[in-house]
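Heads up, the next two complexes both have chain A, just with different partners, chain B and then chain C.
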Partner chain A sequence: MKLVREATAGASDAGDIIVTVLPGSEPGVTVELKGKSVVLKQFGTQMKAVIKKTAEDLGVESALIKAQDNAALDFTIRARTRCAIERAAG
Partner chain B sequence: MKNVLGREFPDYIEGYGQVRPFTGAFNNYGERATVGTKRRSVKPAHQTPPAEEKLCRSIDEVFDRIGVRDGMTFGFHHHLRNGDYVVNLVMKAAAERGLKDLHVAATGIFGCHEPLVEYIKSGVITQISCSYISPGPVAKAITTGLLRKPAIFRSHGGRPRAIESGDMHIDVAFAASPTCDPYGNVNGTHGPSACGVLSYIFPDTEYADYVVAVTDNLVDYPAPPPIQITQDKVDFVLVVDKIGDPAGIASGTTRVTTDPIGLRIAESAAALLDEAGYIKDGMSLQTGAGGASLAVAAFVRERMLAKGVVGAFGAGGITSYFVQMLKEGLLRALFDVQCFDLDSVKSAGENPAHMLMSGSLYGNPHSRGAVVNNLDIMILGATEIDLDFNVNVVTGSDGVVMGASGGHNDCSAGSKIAIVVSNLLKGRLCMVRDRVTTVTSPGETIDVLVTDRGIAINPQRQDLLEKLQGSALPLTDIKSLKEFGENLTGKPDAIEFTDKIVAVVEYRDGTVIDVVRQPK
Partner chain C sequence: MKSLMIVNANNPKILLDAVLYGADGVLFDLADSVADTEKDAARLLLVEALRFLDYSAVEVVVRPNCPCQKDFELDLLTVAPGKPCDFIVPMAKPEYVVRAAEILDKAEAENNLPAGEIRLIPSIDSAAGVESVAAVIAASPRVRAVMFDAKKFLADLGAEAGGAEQLVYARSKIAVACHVAGVESIDTPYVGKADGLAADAGAAKALGFTGKVAADGKQVKTINAVFA
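Our next item is the complex of A and B:
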């Protein structure tokens, strides 16, 4: 899947995450994750992996994904990531 | 060494001393001695020159007359909560005099005490001991190891025990005094900074070398009733402009949660209490002031009304909800250690059945019997709980200090049934863990965990499990709750800690139940 524009999905509410997808300038999916340190310290690695895998499963070959987390669970992260990618894919 | 819960720490902790390890909640009772006290006697008024009168116009005058020096321990209480000016006022003056190495023995530390961080950095304060701390700048300073000595967290019953036994000597106690006369009679329920009962400062006023009543409302002798601290305990009366900010002292009325999940949890807890036979004439009840804990009281109240039950007493920090139950005749008395809202301040000042209790009367295990011993039902919160029902209320799961024992382990030990109510997931964190980050209350004193995803009963309570057989309540076991939660959140990565001990967590009997190490 080729991304053609920047797009965002999600919300800042508790339990949600804002995912912003930008077309990448080089191959590969890069994930930048921000949020509460108590969550990131314990789950940051897993959450980044979920975002990356969601993108790759959709066939994204090149993207920069920025995520602002407010303690979302994996199913929310997957849904927001997929939505942002489909919006970005035109 | 390792204590009985498998928590590891050195035998001797620098800045704390020799460690007595926790051996079990009910192992440390028997004959106990209390320490001697010093007092300065006062001549009759007609024999007292003006310079020797109790009334002081400046904190410097108080310091001069006491002869404050480096290394002293100052006692404070936290009934002015997040509106307290007294701690900052005293410590500012101490810093300006160039005092060093002071120990702030406050019963509670709030966000308003941020100025202490500077004094910690500059070595004016090298130790803090408290029973309650809110997440904020001072908690952060403790977590990051800025204090030269480890902080000491004691329960509300453990602090008076430490003072009475001589484990902690208070050199000077500062009693925030909402109304006071020139001879040191203190009333807490009247005046512009009225905060209700002054319970937590009583051990200090009994055992400190010097007691200073700090007031912004000096009245003619004698102060109006109810007088809580009497003149025979008070050396000096210091008059200041303001002892607190009423907006931070108490909210108007504490409200029950409106969160549907919180209400569902509370409703299950009340149903469990009813099915297990705890809602009956003569019952007693304590809850935390948090919206969900308080909601349990609301549902218990409905069941009491429906059954025509009259309870013996409500206890602990008192809210408008308990005041209402007292007024309705659903409870015969209240034992109050702290007024959480203006309704309870008013009630404490007017209603003789709304009784104050000292911290020692509340929870001291080495007294002739604390009120927690008479408690049937205790509703508690928890940050984390483990498979053995050990509870953490001191640190977040990232090791950051965000609370202290309060009355948690006093009440869980004393009550006939101690119920933890909580959402299973807090954000992305599952509150049931393999191992809690810091133990505050041992699992042997926690009977039930009620969550939105089911109820787990401590297997040690076979009697409860038998009583609830066939119940329609969503009973499960704690391991299943953990698995359910972790299926949603994933397994947390372990937090790494340095070897530096930043706080010592004492159990109520003075043994060490755990320590807090600085997170990496």
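Our next item is the complex of A and C:
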């Protein structure tokens, strides 16, 4: 899937996550994750992996994905990432 | 199904908490509760939630956007893989029910789901819908219940919302048609003062309704008691 523009999905509500997707300048998917340090310390690696796998499953070959977490569970991370990617590809 | 609690399908916390109120069913709303710019986000969030969270204790009902909008087909095709129990058919008329059934035929085949497993609940939202309710029910064997939306029905009539007496004809017609067809009848959500809920639910039950939409979690207990 080719990304043609920057796009965002999600909200700052509790339990949600804001995901912003930008077309990459080089091959590969890079994830930058922000949120409460205590959450990131415990779950940050897993959350980044969920975002990266969602992008790769959608066929994204090059992207910078920035995420601001508000204690989102995996289903929300997947949904918001997919939505941002589909918007960026549209 | 005595109580069917309506929730916004685009709020992760609400999706997580939806099973905690004791409702028999949860109606995940992709239509009125969701802004036009967030329809895509809501259906993606809902299908991921249906795959990830345990909703086995409730009947999962999804209200898509109106069949007159392009989002309708996208809503059904995107969310069906999450195996909801039922889809609402908004602004129901027989041709909309047939169209919903055809889209579900396709969705079930593409996702290796048992044919005919996902059911339909037409929503009677207009005067024409009230007059054609028997034909709406007969339009597909997938129909398992009918829901009544009094606010939209009265708006279609051009009548200001007043009391339960305004709804006697419509409620009676729907309840009788559902009884004859052997499907459930789910009454409109109550939006007045809290102390009027039991009387409103009782009025619907007295006319033959088998359940009622709960506008929020606080209404569930009363509705369950009335229709017990």
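Methods note: the second predicted complex is superposed on the first by the 90 of 90 C-alpha atoms of A that agree within 3 Å, B and C clash if a C-alpha of one lies under 4 Å from a C-alpha of the other, contacts with A are read in each partner's own complex, and residues count from 1 in each chain.
Here is the rule we go by: a contact is a pair of C-beta atoms (placed from the backbone, for glycine too) under 8 Å apart; a residue touches a chain by one contact, two chains touch by 3 or more.
Just so you know, these numbers come straight off a predicted model, no measurement behind them.
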> When the two structures are laid over each other on chain A, do chain B and chain C clash or fit?
Replying inline: fit
> Does chain B (first) or chain C (second) touch A:G10, or do both, or does neither?
Replying inline: second
> Can A:V39 be said to touch chain B (first), chain C (second), both, or neither?
Replying inline: first
> Does the superposition put A:E61 against chain B (first), chain C (second), both, or neither?
Replying inline: neither
>> Here's one for you: vertex at chain A, rays to chain B and chain C, all C-alpha centres; what's the angle to the nearest 10 degrees?
In response: 80
>> Tell me the contact category for A:L73 with respect to chain B and chain C: first, second, both or neither.
In response: both
>> Looking at A:R82, would you say it contacts chain B, chain C, both, or neither? Reply first, second, both or neither.
In response: second
>> Just to confirm the geometry: in the superposition, how small does the C-alpha gap between chain B and chain C get, in angstrom?
In response: 7
> For chain A, which residues lie in the overlap of the chain B contacts and the chain C contacts?
Replying inline: 14-15, 72-74
>> Going by the contact rule set out above, which residues of chain B touch chain A in the complex?
In response: 396-398, 400, 425, 427-429, 488-490, 492-493, 495
> Where on chain A does chain B make contact in their complex?
Replying inline: 14-15, 36-39, 41-46, 70-74
> What residues on chain A touch chain C, complex-wise?
Replying inline: 9-10, 13-16, 72-76, 78-80, 82-83, 86-87
>> Give the list of chain C residues in touch with chain A in this complex.
In response: 11-13, 16, 40-41, 44-45, 47-49, 51-53
